[in-house]
Amino acid sequence: MTPLLSMENLTGGYGDADILQSVSLTVQEKEIVVIVGPNGAGKSTAMKAVFGLLNIRGGRTVFDGDDITGWSPNRIVQRGICYVPQVDNIFREMSIQENLEMGAFLKKGDLSAAYDRVYELFPDLKERRKTLAGSLSGGQRQMVAMGRALMLDPKLLLLDEPTAGLSPKYMEQIFQISRDVRDTGVAILLVEQHAKQALAFADRGYVLAAGQNRHEGTGADLLADREIAEMFLGG
Amino acid sequence: MELIGLVNYALFMGIFIGIYALLALGLNVQWGFAGLFNAGIAGFFAVGAYTSAILTSAHADGRIGGFDMPFFVGWLAAMVAAAAIAWPIGKICLRFRSDYLAIATIGIAEIIRLVIKSEEALTNSARGITGLPRPGGDLPYVESQAAYLAIVIGVLAVTYLLVERQFNSPWGRMMRAIRDNELAARAMGKDIEYRRLEAFIFGAAIMGLAGAMFAHFNRSITPEAIDPMVATFLVWIMLILGGSGNNRGAILGAAVVWIIWSVSEIATDQLPHEYAVKAKYIRLFLIGLLLQLVLRFRSEGLLPEPLRGDQSKTGSGQ
Amino acid sequence: MGILELLNFYVIPGIVLGSIYALGAVGITLVFAILRYAHLAHGDLATLGAFIAFAVVTAIGVSPLVALPVAVVATAFIAVGIDKVFYEHLRDRPKIITVIASLGIALMVRAVVQVIWGVDSESYVRGISRPDVYFGLRIRDREIYTVLAMILLVGGLYVFLKQSKWGKAMRAMSDNPNLALLSGIDNRVVVMLTWIIAGGLCAASGVFLGINTELKSMMGWHMLLPMFAAAILGGVGRVEGAVLGGLIVGIAEELSVLVLPSEYKAAMAFVILLIMLLVRPTGLLRGKVL
């Protein structure tokens, strides 16, 4: 089956230094794929590479049949990939509803169906839709950020460390919502520090180290691998 | 006669270039090396001019001052006064981005202008302070001009050497580190605000000195002696054109801009009065445009900032 | 001093002056928050707007209020043009470079005014306008127009920013520029809208200053400090804060005459600015600190 996203031997970085060295990965439709690895492995960089926020010097990225290497973020958003950065991922001084509206900025016409879909996934947000996003707790902000990204009905959602700094309760909730999102037909590629929990919940995983692919496999296989456990997962 | 006229004009121009070069050096300490935006250069200049004038002029009734002190006391006091004004402004504004400093320095220059215009007991208002001693002022005219030029060049040379030495010292390295990467410098535990304050005060003191030298050259100072906006802006274009971060560039810029400025003034003064007035504003427009062009096409200036040892991987600097 | 005297001689003129400052301060606060630099040519742009209205008034003999829309539109265009020609290419450089450029633009715009209209004082209408008395309050028609126009223009802007798609996009760009770009908001349109609004309001502030006092080539430059003080006092990025700040600065300037020689009226703005930076740099309504 042709993957939805396929990154092929991608090399690049910020400025002149290559942080990624020939990294390859794929995401199938309706699949949750997680990238784990030690600090500085290039996990978030790999994700930004998909979104065109990097200087690419080798390889290519194919999404849904189009070679999107070198596209502007704007065009990539319109093509069906939405990205949730790790930090500063909401408009603090705007209400929840306005955050969602900005997420759908490129969409023409009526937004009510999109609002309904997002509020169905995040019922907490619906009640508080007039609240300023900046006044929410960390977990709720993450939901606003994901909701904003889902407003354009993307085929693929990129989440950069969505559970960073969240309590275990919220972490579970974010993972659960990610499954719900996947069940509505959206593939998810995420970067995670909490490698164990993330591999347990993802369909497949990639282990990156020093900007290179190290291992890949189903979440369960990677978790079971003793070498990986020792190297990256803290035993 | 022709030759004497020309010599006189050259001496006159040389003195002005020297005074403006001092201002440009002062701005270079603030902007070129510390990235601080001072839009009130004329204010510090005026504080220096009036401080020295009050201390060195002869006693006059109805006015504080007239202490009849020697000129060099006045010049030192001018530096201290300008630095003293810079201190609270810097203290308050340097915690923020330089935009705030720009606004505050516009404000302080405006207040200084108001004080000079209205405090008759201090500045003699519109009539200004006259009869300032001028070193070498007793000599015949041409010799006197030449002597003053020599003093200006001497002061400029000493200032240049001092500033250059500061830049190459650990202090200068730290200033550049802060300017080029504030976050990294902060992470290394540098007291950024204090360093910036030092640079701001140091630069202001140089500007105050330039003001004093200007006043003593004219033997007087009045509120109309300089147009604050024009003076401030000329110094900016001198530094940006010459090359911010480069002390020689600052001096070169002062020479180039002042020559263009005063020669074009002579040229337009030949026009009938009605056009001559307009020509002044057209020259201002063009000098503003020159700044835009330099920023766009040669932002490093005529003499780019030299790569010093700490900035270049292969550099052979100190 | 009676309360009526206080109101008539200090508070009412202060509100009028404050409304004029508010019109400029709103533009300053938007430019500061969205484009992220202090725009030093703002005052001189107001001068230009005032003189464009003057040209219309003298050419076809209409009242300055009729000339106001012409000046607003023309100055908005000029502001967009200045951005395109002089500021746009500096966008990727440190913002302070644009601040320097704007100081040069201030000089250039003023020079244009001085070449075309000279440096003497002008006024829109000759003669003295007598105030009407309402319950003991002495108010001139032009003062009512000034305050009303400020409320209408800023109110309209407020609704635009809160309700319209592009108004929200402007707020988004001020709030989180990276996320705004990731959301597909076109920065070029936001920048252009910002200049249209800032330029138009700037002209309005210049015209009303001209209506209430007189027209001079330095009129706008002298408003720059009060306008910035108002923007910072209210909180950078806060439109309602800029209005509040403008009114406070205007009233404070008029009241300062009670304790300071009138020559130092202009110093009030500076004092307010420094006090705010010292005790509450986010401003009264919690704006940004750049």
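A, B and C are the chain letters, set down in written order, and residue numbers restart from 1 in every chain.
The rule we apply is simple: a residue touches a chain if its C-beta (ideal position, glycine included) is under 8 Å from a C-beta of that chain, and two chains touch if they have at least 3 such contacts.
Bear in mind the structure is a predicted one, so any value in this text is a computation, not a measurement.
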*Which chain's mean C-alpha position is nearest the mean C-alpha position of the whole protein set?*
C
*Of all chain pairs, which one counts the most C-beta contacts?*
B-C
_Centroid spacing, where centroids are CA-atom means, of chain A and chain B in whole angstrom_ = 55
_Whole-Å gap separating chain B and chain C, where each centre is the average of the chain's CA atoms_ = 31
_Mean-CA-position distance for chain C and chain A (Å)_ = 44
*For the complex, which residues does chain C have touching chain B?*
32, 37-38, 40, 86, 89-90, 93, 95-97, 99-101, 103-105, 107-108, 110-112, 114-115, 221-222, 224-225, 228, 232, 261, 263-264, 266-267, 269-270, 273-274, 277-278, 281, 289-290
_Which residues of chain A touch chain C once you look at their complex with the stated criterion?_
51, 73-74, 77-78, 83, 85, 88-94, 98, 101-103, 105-106, 148
*For the complex, which residues does chain C have touching chain A?*
165, 168-169, 171-172, 174-176, 178-186
*Can you check the complex and tell me which residues of chain B touch chain C?*
35, 37, 39, 89, 92-93, 95-100, 102-104, 106-108, 110-111, 114, 117-118, 229, 233, 236-237, 240, 278, 281-282, 284-285, 287-289, 291-292, 295-296, 299
